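Here come two complexes built around subunit A, the first alongside subunit B, the second alongside subunit C.
Our next item is the complex of A and B:
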């Protein structure tokens, strides 16, 4: 019965909004997902669960109030179910001043010291807890931003959520990191200078960090951003030896007519903060192709150096060439080091105005996962029909992986999608893998067939139905990489905007 | 019991869907554009309509839609309709936004929302999302996702809104 107290708040907000609408704006969204199935191979084969996330927002003049209610009910374990007001936020904003209290998403600089985020529409679940909840890493506390002429100051205080821990744990367990800090920024024309101070406390330990950054448009075509951050107060802070704790990031952009170039450098040493409150730029391409997205490198913040170069060139008729090269070097010990490298090339073209085609080739080597050579290629055709469209996509990957013996295997991905005016979409997809890590005894191939049906009755509601077997593994989305569980069964997702 | 609870939840959602959305000025926000300029949204809005396209460099349908949006922005530029690209790339990809925008030939302004402030305020939960805002600051149309030929729907919607 105690759970029902949580229902009262949205009801009050909704009733209140009937009157409030005449004075401001009420908005909301809801994500509901039902699953009937399990991780392939686990018993029972079919277990059901229901996850719901309701977001409500009210705005009147300078004030915004927001809340999020999450609920999860699995059929298999009552101890894993929960109903909670997982977020609340009150914001007061004028031209110069912004004050926010509650659950917020602040960052310092490029995230070398602090970055919080949300992956909208994503649901987190790991194999250990088997509890589903919204995928966000927020800070519960307060943020104040103030602008005075060319100066901007941002102050942050609060506890950061460890996204790997489920809502059934206590708040203290889920928010082990206390952060308090400020960022001062001075902007004059195309030049911005900034400095950051941050104090971080966890489990009785307290550390101070400082950072400085420069952002400048050097010429009309060339821009620069660089940031250097370090743990303050230790003897090793400026020696740059093995005991130092620092992060360095630099990016250069060059543009001219149809050419765009981005070059980034990184050097991170002993720079993992607390339970993972920082998120320095990874400098590894975030691929939208399924097989490449899975074959990513996650930076090792204890020791990683590298660079990323990305070049874009637009040919006539909107044809676009993209080239990417990235290197990440990890010195694990004096005798052990790893060098990740990747080369990626893509060609996007339009054929006759109704066909949009992409072709790509990729080579990468990731000794950290023992995958010495990965060769990938593929294509996608998006074909416009009268009031409808089709997308055909195919990808292939050959991997050489040496653990004790060298395994050589292929991964395949095929999909076909038919779409009628963005209202009704149906798709079929199939993944096939010969990866020995995925094969059961006497199995030659692992198959992952699936189908989706998606329907938008209007621009406020979206219903998506999936049935089949979905391959999990590493996935990168909105700049964040995480592990997705395999799934086999039926999944229904309903997205609503209010 | 759980089913009853969720039935209640669904009824609640459907009910609140029926409430009308009143105007909120989203123009009272300051951002940095890809050129490094600090810009006030109110200074960028269209005389009649403002089209905000939320996109990211890693989002495949976003990239497909952009050449079509460039065409639409050119078509409606003398009709009091301004287009603004709202980039949602995180620090992981933000350094690529300017070179990528140039090579795509985007002619309308692109602002950076790397902390997802505007996206969170508007409860946007997928990319691409395109919203059309009238001169009062009210959101009058939302379009989620992009499929080939969606620009025809957008064009018809803009024309209908201009004729209202």
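Our next item is the complex of A and C:
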């Protein structure tokens, strides 16, 4: 049986539309990923699967047409395979008016009420379904934007995707939230005022939300954004009591010469909307360091107050000092009250002409996950050679976690990467953990060794090969946090641009 | 011309590709798939062992933040309210297949005292749900409530109402002889549905239409359904989707799934 017969669909589309370039502009990209392996510890140890995502776009004057075709063919279960046009989009745009129908990524304000997103190149897989698909939370419907002088209006209507449910389920199950709303924005010089109305329907319930925001460049160096969103009462009057649902966000940014300071405040209460269509700012630093990124705090929209302060100062010779501090207070119930806090400091410097170095120290306390103390530190050296470069990175983290007794354990990360002319990159990775949550019985350490080989034959293709054991767990990207599965085996990823 | 060609091609493929999707799902009104899981305390939980009871399931990920926040809602809002009722059973299911210590940490943080099962990822997919979700199963093994939102206090309150109504119903969903020939049509329905029973006269006191989450979206009074005389129930503009029609008499209730498409 030819399991991969549907791969021919993208090929047919490319061939049919090849002559479209004579009028308009045709573009496309393809992501193909083959895996031979499994979640460590699961049988069979080696099972294969193929995921492909083709994105096509055609633009002619004011009109843009886009589509996405996804297919997944695992060797282990025919019921998990699918081929689908998972997105389509048609857009008409002039200077004042923009109309988009299909699968779109609208947001209101800073996302307190609605935020849709895509993490490009990411593939979602859940342990229960074991079905792979693109990681995006879109809205299927329509968006209209219109600008008249100093006024901008945006209208949105459609159903939001619950990204945790796979394409093999029906659309009714995957898109339980119906959203209809509008955002009106008035801009005068450096001041913008806006208001939002949104109606949300799910499972027969209908709720109205209102929001107001201000964006201002107060002085040459100081800017402000603040937004307050609230669920309107059933009698259509605004309520503001212990049972009310609201979200508040404020951001102040100050930049002068080499100094930058940002302060953000948040207060979210009963603000988890539907299957999770709201995604307000987290106010927790999203680290690029692997171990810190994994130890993040995800905002609890049921009840969370807090702030984030970040200060950076540029010194001569490419030296940069960054300090970040964040607090998040959750009062979940009378017996569940937690205070998360984190202190992070980083120093970036240039040593000689060829070496860039980063050093960091971090302390956090996250009683919400019972991790009362987390101490982390690490470094990265980016070393330039003749037509090549290499990066050495190492991090270590000590954690104290109290479940029944206090567990003290560490996580360790090391990687070495060698890059030749930005074409060929090879890297070796090693993670070691003594986290009891990860250990099987009679196991003292969890080892995650792996290696990657990356090759760019030209600027249109990129081939990445991974072999080894990869540690999963929480990961955050562009303010979106999700859980990644462990993997052990071989993985080949090919990215192409048409 | 070429734009038209591409558009036609894309539309054609759209229809073609829809045919490749297997729409699997376990909504309200469907039979709850049976399963057996080991609990943290070392016992085994088999769903079919609890036929005749109302079963409350809380699907969670042991390290999922909003599950950690909402777990306590299920304890205080559901378990505290019904744990003394011998016709009620609650089970938490870790769908992230965490280690025993990971799940114990979840229990410790949320204060859940009802049984919690491990390695429930496959159960999550058989119920076509996700983590931080609630499902309620009635005494006959039929799904009566399936949340599409996180287990916030509002969702817990909705689930509680369904459990209360199930525990106070003496008998549900057992097809009596009279209902064997009961017909509901057309399927799919549009503006209204018809109930007809050619063989027997049945008396019902009222009807309820429930959505996939088990919430009542339409209800009204009923009387006799006479043989050969179909009763029309206007659907009052309900959205397209899968619904459950529940016909209640003083001592019994009869439930059947139907679909609305517009």
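Here, the second predicted complex is superposed on the first by the 471 of 498 C-alpha atoms of A that agree within 3 Å, B and C clash if a C-alpha of one lies under 4 Å from a C-alpha of the other, contacts with A are read in each partner's own complex, and residues count from 1 in each chain.
In this section, a contact is a pair of C-beta atoms (placed from the backbone, for glycine too) under 8 Å apart; a residue touches a chain by one contact, two chains touch by 3 or more.
Keep in mind that what you see is a predicted model, and the values were worked out from it rather than measured.
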| item | value |
| --- | --- |
| Joint occupancy of subunit A by subunit B and subunit C, clash or fit | fit |
| Angle at subunit A between subunit B and subunit C, C-alpha centres, nearest 10 degrees | 140 |
| Partner chain in contact with A:38 - subunit B first, subunit C second, else both or neither | neither |
| Which of subunit B and subunit C A:411 touches, first, second, both or neither | neither |
| Residue contacts with subunit A in the superposition, subunit B compared against subunit C | B |
| Touching partner for A:488 - first (subunit B), second (subunit C), both, neither | neither |
| Contacts of A:433 with subunit B and subunit C, given as first, second, both or neither | neither |
| Partner chain in contact with A:211 - subunit B first, subunit C second, else both or neither | neither |
| Touching partner for A:389 - first (subunit B), second (subunit C), both, neither | first |
| Subunit B versus subunit C as contact partner of A:364, first or second or both or neither | neither |
| Partner chain in contact with A:422 - subunit B first, subunit C second, else both or neither | first |
| First (subunit B), second (subunit C), both or neither touched by A:459 | first |
| Least Cα gap, in Å, left between subunit B and subunit C after the two complexes are fitted on chain A | 14 |
| Set of subunit A residues, in rising order, touched by both subunit B and subunit C | 17, 22, 24 |
| Contacting residues of subunit A [partner subunit B, same complex] | 7, 10-11, 14, 17-18, 21-22, 24-32, 50, 52, 54-55, 57, 59, 64, 66, 71, 73, 93, 95, 105-107, 110-111, 115, 117-118, 120-121, 147, 187, 190, 192, 215-217, 223, 225, 251, 253-255, 257-262, 264, 279-282, 286-288, 310, 312-314, 318, 320, 348, 350, 354, 356, 382-384, 387-389, 419, 421-422, 425, 456, 459-462, 476, 478-480, 495-498 |
| Of subunit A, residues touching subunit C in the complex | 6, 9, 13, 16-17, 19-20, 22-24, 58, 60, 63, 65, 67, 69, 79, 81-85, 88, 126-130, 162, 164-165, 167-170, 172-173, 176, 202-205, 270, 272, 274-276, 297-303, 330, 332-333, 335-336, 368-370, 401, 403-404, 407, 436-440, 473-474, 481, 483 |
| Subunit A partner contacts - residues on subunit B that touch it in the complex | 2, 5-6, 8-10, 12-13, 15-17, 19-24, 28, 30, 35-36, 38, 56, 58-60, 63-64, 67, 88-96, 98-105, 114-116, 119-126, 141-150, 153 |
| Touching residues (chain side subunit C, partner subunit A) in the complex | 2-3, 5-7, 9-10, 13-14, 17-18, 20-25, 27, 61, 63-66, 68-70, 72, 76, 95-99, 101-102, 104-105, 108-111, 120-125, 128, 130-131, 147-150, 152-153, 211-213, 215, 217, 240-242 |
